[in-house]
Amino acid sequence: MYPQLSPHAKTLYAKLTAFVDEECLPAEELYERQHAELSSRWMIPEIIETLKGKARKLGLWNLFMMERDVYHSGLNMVEYAVLSEVMGRSFLAPEACNCNAPDTGNMEVLAKYGNARQQAQWLNPLMKGSIRSTFLMTEPGVASSDATNIATSFRREGDEYVVNGRKWWSSGAMHPRCQVALVLGKVDSPVTAAAPRHRQHSILIVPMATPGVKVLRALSVFGFDDAPHGHAEVELVEVRVPVSNLILGEGDGFKIAQGRLGPGRIHHCMRAIGLSERVLGLATKRALTRRAFGKEIARQGAVQRDLAQCRISVDQARLLVLHAAWRMDTNKGAKGAQQEIAMIKVVAPSAGQQVVDTAIQIHGGMGVCQDTILARAFAYMRSLRIADGPDDVHMRTVARYELKKAMEGATGPAADAWYRSGGEVAKENGQSRL
Amino acid sequence: MYPQLSPHAKTLYAKLTAFVDEECLPAEELYERQHAELSSRWMIPEIIETLKGKARKLGLWNLFMMERDVYHSGLNMVEYAVLSEVMGRSFLAPEACNCNAPDTGNMEVLAKYGNARQQAQWLNPLMKGSIRSTFLMTEPGVASSDATNIATSFRREGDEYVVNGRKWWSSGAMHPRCQVALVLGKVDSPVTAAAPRHRQHSILIVPMATPGVKVLRALSVFGFDDAPHGHAEVELVEVRVPVSNLILGEGDGFKIAQGRLGPGRIHHCMRAIGLSERVLGLATKRALTRRAFGKEIARQGAVQRDLAQCRISVDQARLLVLHAAWRMDTNKGAKGAQQEIAMIKVVAPSAGQQVVDTAIQIHGGMGVCQDTILARAFAYMRSLRIADGPDDVHMRTVARYELKKAMEGATGPAADAWYRSGGEVAKENGQSRL
Amino acid sequence: MYPQLSPHAKTLYAKLTAFVDEECLPAEELYERQHAELSSRWMIPEIIETLKGKARKLGLWNLFMMERDVYHSGLNMVEYAVLSEVMGRSFLAPEACNCNAPDTGNMEVLAKYGNARQQAQWLNPLMKGSIRSTFLMTEPGVASSDATNIATSFRREGDEYVVNGRKWWSSGAMHPRCQVALVLGKVDSPVTAAAPRHRQHSILIVPMATPGVKVLRALSVFGFDDAPHGHAEVELVEVRVPVSNLILGEGDGFKIAQGRLGPGRIHHCMRAIGLSERVLGLATKRALTRRAFGKEIARQGAVQRDLAQCRISVDQARLLVLHAAWRMDTNKGAKGAQQEIAMIKVVAPSAGQQVVDTAIQIHGGMGVCQDTILARAFAYMRSLRIADGPDDVHMRTVARYELKKAMEGATGPAADAWYRSGGEVAKENGQSRL
Amino acid sequence: MYPQLSPHAKTLYAKLTAFVDEECLPAEELYERQHAELSSRWMIPEIIETLKGKARKLGLWNLFMMERDVYHSGLNMVEYAVLSEVMGRSFLAPEACNCNAPDTGNMEVLAKYGNARQQAQWLNPLMKGSIRSTFLMTEPGVASSDATNIATSFRREGDEYVVNGRKWWSSGAMHPRCQVALVLGKVDSPVTAAAPRHRQHSILIVPMATPGVKVLRALSVFGFDDAPHGHAEVELVEVRVPVSNLILGEGDGFKIAQGRLGPGRIHHCMRAIGLSERVLGLATKRALTRRAFGKEIARQGAVQRDLAQCRISVDQARLLVLHAAWRMDTNKGAKGAQQEIAMIKVVAPSAGQQVVDTAIQIHGGMGVCQDTILARAFAYMRSLRIADGPDDVHMRTVARYELKKAMEGATGPAADAWYRSGGEVAKENGQSRL
């Protein structure tokens, strides 16, 4: 049931595990120290560049990339999912390996949909890790859970689009190296207004240095500012970019965004699982070392039940995410795995939230303060239940597929077609691996 | 992530799916009608024998058996798990395929631990489906969740054991063809008394016709008597059997019982999942056809959330059980998969209970009465949270492994060893498939 | 916080507690024995008449009645709620005290809305306990959770209505003394068709002996038939009753039904709480007497957590129901307490279901079979989450009031008005007690 | 069911409601602004002193105090609970009314157990609000959930105790006006060592200015430092105080602490409920104003179910806490209400956490950032599940009482004695009100 890794993936797994366990995790304390000593919270601790250098030398670089032969990591989605869990254990590993959101999604978009010029200008430095990017989608003025609400306007004037709007939760926009944004908005034209709701939006490349791009403030998440990465509120006032900065065509915005979200959800969820494992390990160790009422709390029945539930939740979440990744590998990508992807987006953060909540309870006061990673992990899990669509939106998607199947008179579980085919699809996928 | 079936398993899957969908499910109504017309609830409707004949002719017979070459079904545990789900859809299919509890477990025990004489006398007719058996373990007088409490005594007198005790939840003991019982008890001797708690019990073969075996009454489950299979309370009063009826040696009782329980839990859980799928299908169809407050209830957000949660729970349960089966295939059988098996024993019945509860709510009054399978399915799921050990016992097992791992300083998830090895184990297992 | 009972209520409380604990609970076993010996499950064990005689002599009779001075029990809703909990402890007490559904609701309707002739003919014998009644509302063909779906037709022909329709969950209709039904249906006329959805239904008195009233079958609840009370499916084919059997006027059906449901929900919920207390007592005692893994299971932390949760759930449910009853007493009856009544209808059965589920788990196999009241109690609690409107319908009501309050700009909790008034309303209510 | 307030309490309720709604809530923004402009986070915004002045002038001052006639607020516990909910709505109100933890508890201790000198020196300025205090109990080195673990040592030398230990979660210790600490520790003597576990601890008054008292750092709660109140880690190194600073005698520590915790839990819980109401109001308003998928999210069934669940949870929590307060008023104080107090300590924060979690989900990204009170409210609720004993400790207490009752053969719910007595106790309490 655990995936069989290719020799290439096996090698990467071994190297990455060693890198995360021996380099990233021990460096977290140094990172905090260096960060505390910087003159601004929005500067980058030096150690992160050291780690990036090591990761690149080890070939642990851009592992997420499955577009464009030249950049292809040689992994399929399942294999990258396995590696994502390992990276998720440490807050530093994803960036160290140039595999952190939102850059991964932006790079995928540029690799898949960008033209040669766009790729030369933005994709190449992003893949090198020399610049960072942000994705400007969510808006404070509307319920962005229904993305068709998004209202930022692109007004065509000659060879330029003039962008006006207000965005927030623009993760990474505060990063000192953030040089470019992909912006989702609506072209202000009769053609757009007449298009179906899901064909009205477009994506523009907007350099952060363009006049009118105003990073207003940093948003906090349960009191954490997540500096120097951060989440910004950004105002766009009469921001002018050439029309050649459009990715694909007008109205292709959701098509592009969707392509971005499928893999992104696998990444997010597997990282959440990696973090959950780390947290569960902390809870277990704590339970073994604290005594109350005459015995270690690990020996109390109620604590045992809680720990067991965590183990079950994490193992179930992992299997479900790997399963979704495998569906993407074997069933036409994210399109053929939408129900599965919707499921994991609910399950993995919820499981993670529950695991962290249990760990906090077992740690007592220490669990909510700065002495452990737990409070921060909680903020991460909790906000993940909102980011990329709140739980209810995904639950609706899961239900819609279920109802559709029933209306089409389908019987039996989804696995049925697979068993009948006996794995032919998988073989084909294995062959097409690179 | 779904297992790759061998050509043999693939063929069986196709045949079994057709058999269950086209023969067993449509026969359920006839079965009920025939049963209602019999002069006693403890007689067998004729249709079940017809189905058994068909299944045997199709080679859908004794699929569970993985002991003894001559009887081996040619399936590994994962493959049989897949087939168990299919059988679980219909209340008739397991018996039709001679794959129903408790006979499967008893046959496994006889195949694995019985001597040639015992096998000739009891295993052969069981494998043919001409007789049925029961397993006498649980006792009304003690908390059987802690099996070391079991108190039925085996008193040695010459070449005989004299059995005294009271058992209940002896499933199948009321069946008109039930001819033999495997009885768990304690030899009444100083050697036994001095042995460690887990080495005090033994298993004896007791023919049901032996004087002193008294089937006292049928137990009901939420008002259902599950006739003609049933669950009996049985008294054993001065029951004499030859010492040669002992399976293995004195004190081997738990060793034998454990070997029986691992596969049995896979079977139970996968059947529960098959039933859950059927129930979820009923709920979905019902939601699509009932209107309230101006629209189909399938279009109500709260109902959609419930249906989505069911889909998630069932898919997660399936993956976890397949995973446990796969661990058994690749990691030294049930012994190497104890934590995984403990997890599924909690997860699959709980998921099933939740799915049935949701389906009942969607059906309204119809859901609790005799017009659907739901009330009976509920009783099945609910009692499965007690049978073979209540949830809490399994949760404790899960926790114990978690704590043990932590005390040994293990880091990383259980999957780690697998990824490192890159699937060597699986290959080896594949080779040894038959 | 517990209500202050009037001297009259205090006396009744003491007498009722003694009657239930010393007469009803000990009689349950005899009742079962007598019932088992009757030639039909639809006959009445003699003991119930004995108990009725005792209750009547003790003045523990028709305690629910708050309409019509001559019959008024002298209790307010809170006081009767307190007594309902006591009656809920025993399956026999409500009938023994002539306080059982659906007769209570039917008597309330007749007392409140019936004319003198209707009262003389039906209310009087019901109050005497010499006949029984049923309420024909739910229909198998429509989602009755939305009661406007109800389709049974009343066709006016001269001085008669001709009734056609199919009803089910007609509780009490199988009872050998059931002589009359209140039937909810729609007059077949253009006036009705043009009326608002909630003004289209009417209620007719239909004697069970009227030609065309066909009790088709008994419905089971999780395998229990609840005989001799039972739940019937009833067909009405060209059933003719005089127009004078209409209660109030055409279109008044929901108005009447609503008046019936408010108090009924208080009764149901308090009885569920009484039963929950009994069940929790059983669970606690069982936990104290069973040993597993070296100690009483009452000493296991996980079991303690479960028992504590039960205590919390029951106490919270009780307070909420008493609170709703108090709102009815002090805020214009059921109309002024709709949000509160909707809340309890979800809370009390859910709490009860959870308590019984826990008790079953603590009892192990014994918990699901006929040896305790648990399986039957579970069936009662579970079906109560559907009867009188499924949970989701009530949750929607709760939400609707919450949203309405917000739209009206109300601030602060509902208690606010009460605190400000400082209890004036309560005093007024106290004065008007009788 | 809502308590009948005395005329005095009614007047206070009206004044307090106006003060909180019209003064405190509107001042929160100003408070934040003033705080942001101070040179240190550990300085006090001016507005708080303004509010204190107003509250004192209005007589909304020291309302919690029920010890010592001269200071007695004239309220009973139920009445103060009602007022606590009102104060809980605003983060500023408790301090404005000199009713904030931990000072309230410290003042109660001094009023109840302090001698005249201790009261003159510390109680009087605390009651005036001119100084603040802290309570040093929890220790980082031990599981303080089992308070007998607490290890800080009091070494007697002549007329002095020499205190050594490390404390944390010393709330209020960072406050610029904090001048005194009550410290829980163990006298280092053979007498103490030989005493029963619950008679080994003592409480000492330690002025913060005493040499050796070192406030090491501020602890954060989910990223919030709660300045200028804050939670400190404090080291005590050879801190010398006169033996006359002992409250009561050696070994009386837990007796004193218990007396402090009962009322404190009522206060905490009711404030949590006040905050929950505020949060639920925010969620409801948000749901009414955001549109997604073609309608306001308030019209989505799943959101309605969530809002309804919040309303139910808050109303049930309120009733339970008022009930516990009423038990204290009518049943010998906290001692006679231990099970009830344990229940509320689990229920109110859990309900609060659930309400805030729902509100966050409804707010989306806005819910986790600094633009609402939600993230901070979440941190408050979540940490309240740990403060004053983690949930499991209280659940154990609830269970222990339940088991004790069963062992003593008690039948019927706790309310029974009350109903039987018919409210005599309450009357007596009403008379003794002041």
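By written order: A, B, C and D. Residues from 1 in each chain.
The rule is simple: contacts are C-beta pairs under 8 Å (C-beta built on N, C-alpha and C of every residue); 3 or more make two chains touch, one makes a residue touch a chain.
Note that the structure is a prediction, hence the values are computed from the model and not measured.
The chain pair with the larger count of C-beta pairs in contact, out of C-D and A-D, is C-D.
Among the remaining chains, A is positioned farthest from chain C, on the basis of C-alpha centroids.
In whole angstrom, the spacing between the mean C-alpha positions of chain A and chain C is 52.
Here the spacing of chain A and chain D, counted between their Cα centres, is 40 Å.
Shared contact sites, meaning residues of chain D that touch two or more other chains, fall at 300-305, 392, 395.
Of all the residues in chain A, the ones that touch chain C in their complex are 300-305. If you check the complex, the residues on chain A that touch chain B are 1-5, 7, 10, 13-14, 17, 21, 78, 82, 85, 277, 280-281, 284-285, 287-288, 298, 301, 303-305, 307-309, 311-312, 314-320, 322-323, 326-327, 339, 343, 346-347, 392, 395-396, 398-400, 402-403, 405-407, 411-416, 418-420, 422-423, 426.
For chain D in complex with chain A, the touching residues are 138, 140, 142-146, 149, 168-169, 219-224, 231, 290-293, 297, 300, 302-303, 357, 360-361, 364-371, 375-376, 378-379, 382-383, 385-387, 390-392, 395.
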